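Pasting the structures here.
Look at the two complexes coming up: subunit A is in both, with subunit B in one and subunit C in the other.
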Partner chain A sequence: MLALRTRGLSKTFKVKRKEPGLGGSLRSLFRPQWETKPAVRGIDLDVEQGETVAFLGPNGAGKSTTIKMLTGILHPSSGEAEVLGLSPWRQRAELAYRIGAVFGQKSQLWYHLPPVDTFELIGRVYEMRRDEYARRSRELIERFELGPYLHTPVRKLSLGERMRCEIAAVFLHRPQLLFLDEPTIGLDVVVKQRIRELIRERNRSEETTVFLTSHDAGDVEELCSRVVVIHHGGLLLDEPVERMKRDVLNRKTINVTLADPVSDAALALPDGARVVRAEGRTLTVAVDLRRTAIEQVLATWIGRVRLEDITVEDPPLEETIKHIYGMRQETEAGA
Partner chain B sequence: MTGWRFVLRAASGRKAEAVARLTVQQQLAYKTDFLLRSSFLLLILFVFVQLWTAAYGGDSAKVISGFTMKEIIWYLVFTESLTMAAPPLTAKVEEEVKSGDIAVRLIRPMSYLGYHYSAFLSEAAFRCAVHLLVGSAVAWSFVGAPDFGFGWPGFMALSLGALTVAFLLNASVALCAFWVEETAGLQFVLQKLQFTIGGMLLPVDLMPGWLQRVCAWLPFQAALYLPARAAVHYDGAMLLRFAAVQIGWIAVLGALVAFMYRRGVRKLYVNGG
Partner chain C sequence: MEYRLSFALLAGMMFVNNLLWLFFWSLFFNRFPVVNGWELRDVMMLWAVGAGGFGWASVLFGNFHRIAAIVSSGQLDVYLSQPKPVLLGVLASRMSVTAAGDLLFGLAIYAWVGDRSLAGACAFALGLLISGLLFMGVMLIAGCLAFYLGNSEGIASQVFNSFVSLTTYPADIFRGMARIALFSIVPAGFISYLPIGLLRDFDPAFAAGALAMAVGSCLAGAWLFGRGLKRYGSGNAIAMRS
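Let's turn to the complex of A and B:
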């Protein structure tokens, strides 16, 4: 069963153009010039119930505009969309009971009050029965380990604690489809990991469809089974995450701090690994995972060099998307 | 009324009540703001007591346009309590549009205007009660105890309509944020109209005849003058007439605000990602 279906979904905005300086401001006051800016261009998308989809794209690609159309906040300029069988902008209120959304750093929690008060409000707004609300909130508080700060005003919580509350709050009314717009932004590794686990758990136990945007490759790899990339408002790629990992997310960067200055022993690397930077005691190595594994690179160092610190990083997702875009253009030019 | 409509209305009522409760709880966190506003009210009333004492030549028996000095001072307590109680709705909506936080409101199964109305009414009622206490202390000590009898319940009854009219007036300006970037100028004009021809500074009865006739055709007096006048000069028939005026304006402004919202939400550009 389809959770979401769009055909030719487009949105254009009218943006005022102004020349620089005071003269430009005055001219704009009397003879304003408008320009039409396409934000989303004819997106066709089908998402099955229970799927976890990463919806990616660089800043300004049209991700948030698409999500806002799918949640009924924005009206499209043309095209159609059906979310859980409803038209989002025509049946926004009806749809609202069945979906949930976390918009990046926009908080739904009341700043001066403890999270438990917002939970209570959400229970009322979604018309949950009192016994159902009590059971559900108890379950989520336990699973998300919110007990210690449930009664602390939101302004006194750390970002990680607050985000856990935000995500628990969005699950309260058992949404069938969840839109997550940058749910792990600004969080440290440990909190990110915990939040991903909790979302994955809800997806599995309740078959919640997840539609996620993120700039973090970790979110995509660990949470999603399918990836959809948009660029300049149009669809660029739609494929399983596994294939994307194989074809595109196949590079890692290893940053090493050695106990001694970089020696030949540290530079002797297996095929598929190359030195990007070697300076003093620090070494940066790019690894092509299709040709070698991280463990193999580490194995060449063990016992031969003294290591002080190691970090393994994904290339920034922006870079990956540019890479896909470049590949796509090359393919089109070749054809 | 069919069954499902009744259920729908009851559910909306419960949502509104939940928003109202949280708004008051949140207000209790703003202690400093409360203290500042209340002290400012003390100052304003003190200045006006001095002004009116001079205007009446200190004669407590003197009557100007049907008002004794005591009635004028208590009238001011009522209008100031209502005016200073109104939350900054325009700034809130403008900020929601500018920051994109409006997205969080619009994905909820609750009317956007209904949400703001519940929050506005509960905050204003709470603040108004505190202001009345503070204002009464000043008026009582300078011009004596109030002896308005049914004026108090009259004021309470018309205050609900007054705050609703104030909400709708502010909402009609606030919703302009869906089209224009700045609403502060419009809000400034609205506030000054309420201060003057709305009867906040002095009762409409003290204005020139032609201005009184103009005021009678405008909604501003329904938000301040009518409840304050009903408090100090209570009369059952007048109360009903005032209530009818408020209901009329609520219908007109309600239709305007609903129309603006329906048009605006289609044009809305939600900022922030």
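Let's turn to the complex of A and C:
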């Protein structure tokens, strides 16, 4: 059964054009010029119930605008959408009972109040029965380990603690479909990992459909089964994450700090690994996972060089998307 | 309550601030005991009904004069993603602390110089209702301009300041076009004439007109807000609810 369906969903914004400087400001005052900026261009998308979909794209690609149309916050310029069988902008209130949305940059927690007060309010906003609210909030507080700071004003929480509260709050009313817009933005590795685990657990135990935007390849790899990439407001790629990992997410970067200056022994790498930067005691190596494994690269160093620190990173998602965009253009040119 | 001292100071200072204005008016009326039929007691009741109305509206619906800022900075997203009426959610999600002082001031002045009979109390309560609804209706309409003009915080702020100022002067000192404007474009006259038309010499036509204008402006504001939501463009500002 479909959780979400869009056909030709588009959104354009009318934007005032202003030349730089004081002269430009004065000209714009007397002779304003407007331009139409397409943010989303005719997106067709089907998402099945229970799916976990990563909705990716570089900044300005139209991800947040699409989510805002699907949650009824924005009205589209043209096209149609059905979310859980309802029109988001015509049946916004009815739909809101069945979906949840976390906007990483917009908090639904009251800044000066402790999370427990916001939870209480959300319970009433979603008209939860008191016994159901008590049971559900107890369960989420336990699973999200919120006990120690439940009664602390939100302004005194760390970003990680706040995001855990945000995500727990959105699960309170048992949404069937969850929109997550950059839920791990600005969080450290440990907190990101915990939040991913909690979302995955909810997806499995309650079959919550997850529709997620992120700039973090880790979110996509660990949470999602399907990836949809948009660029310049249009769909660029729609395929299983496994295939994307095989075709595109097949590079890692190893950053090494050595105990001694970079030597020939440190630069002797297996095929598929190449030195990106060697400076003083630091070395950056790019690894093509189709040709060699991270452990093989590490094995060449063990016993031959003295290592102080190692980090393994995914390439930035923007770079990956550019890569996909390049591949797509090559394919189209070939055809 | 998280900031008790801050609350007490802010509410107390607003109370004292209003009292100071009445002190200046008392100096004026010492020299001119009656101005166009208005006495000091009427001006005191004008402040009671104006400050009290603004007070209850701001305590219960503290965001009513921040609509323009909320719309133009894209802060409606959270309200739109919840299943309750958006406008009610926005208005009620903030309580103005200083306004508690205004409300207390209004009640204290009424207790001091007002008609404390049952009929007098009912008339004062109706005055507070009309005054608060008018403040909300006018600011709601001004705030909704943000949907149509983009950033209209400046205009909304001007409307707010003008409206508040005009509600603190006796309606009868204005003549001609100014008086017409006071009962139409900027309907502050429906508040500033309440001490006479509702509280002193009850005029049913004026009372009905004031109530109709108050309810009508709120309904017009709500309609504009609903229409405006279709034009809402959201935004990317980082926002917390406070």
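Following the convention adopted for this analysis, the second predicted complex is superposed on the first by the 335 of 335 C-alpha atoms of A that agree within 3 Å, B and C clash if a C-alpha of one lies under 4 Å from a C-alpha of the other, contacts with A are read in each partner's own complex, and residues count from 1 in each chain.
By definition in this document, a contact is a pair of C-beta atoms (placed from the backbone, for glycine too) under 8 Å apart; a residue touches a chain by one contact, two chains touch by 3 or more.
All values reported here derive from a predicted model rather than from experimental measurement.
Enquirer: Return fit or clash for subunit B versus subunit C, each positioned on subunit A through the superposition.
Expert: clash
Enquirer: Which partner does A:L178 contact after superposing on A: first (subunit B), second (subunit C), both, neither?
Expert: A:L178 sits against neither subunit B nor subunit C.
Enquirer: So in the superposed three-chain picture, is A:L74 touching just subunit B, just subunit C, both, or none of them (first/second/both/neither)?
Expert: both
Enquirer: A:V297 in the overlay: touching subunit B, subunit C, both, or neither? Say first, second, both or neither.
Expert: Touch status of A:V297: no partner.
Enquirer: Please tell me which partner, subunit B or subunit C, touches more residues of subunit A.
Expert: Per-residue touch count on subunit A favours B.
Enquirer: May I ask you to decide whether A:D117 touches subunit B, subunit C, both, or neither, giving the answer as first, second, both or neither?
Expert: Touch partner of A:D117: subunit B, not subunit C.
Enquirer: Touching A:A96, do we find subunit B (first), subunit C (second), both, or neither?
Expert: both
Enquirer: Which parts of subunit A are touched by subunit B and by subunit C alike?
Expert: Common to the two interfaces on subunit A: residues 13, 64, 68, 71-75, 92-94, 96-97, 101, 103, 106-108, 110-113, 125-126, 153.
Enquirer: Which of the residues in subunit C end up touching subunit A in this complex?
Expert: Listed in rising order, the residues are 2-3, 75-78, 80-85, 229-234, 236-242.
Enquirer: Which residues, counting only subunit A, touch subunit C once they are in their complex?
Expert: Touch list, subunit A to subunit C: 13, 64-65, 68, 71-75, 92-94, 96-97, 101, 103, 105-113, 125-126, 153-154.
Enquirer: For subunit B, which residues are in contact with subunit A within the complex?
Expert: Touch list, subunit B to subunit A: 11, 14-15, 17-19, 22, 25-26, 29-30, 99-104, 106-111, 266, 268-270, 272-273.
Enquirer: Write out the stretch or stretches of subunit A touching subunit B in their complex.
Expert: Residue positions touching the partner: 13, 63-64, 68, 71-75, 92-94, 96-97, 99-101, 103-104, 106-108, 110-113, 117-118, 120-121, 124-127, 153, 181-182.
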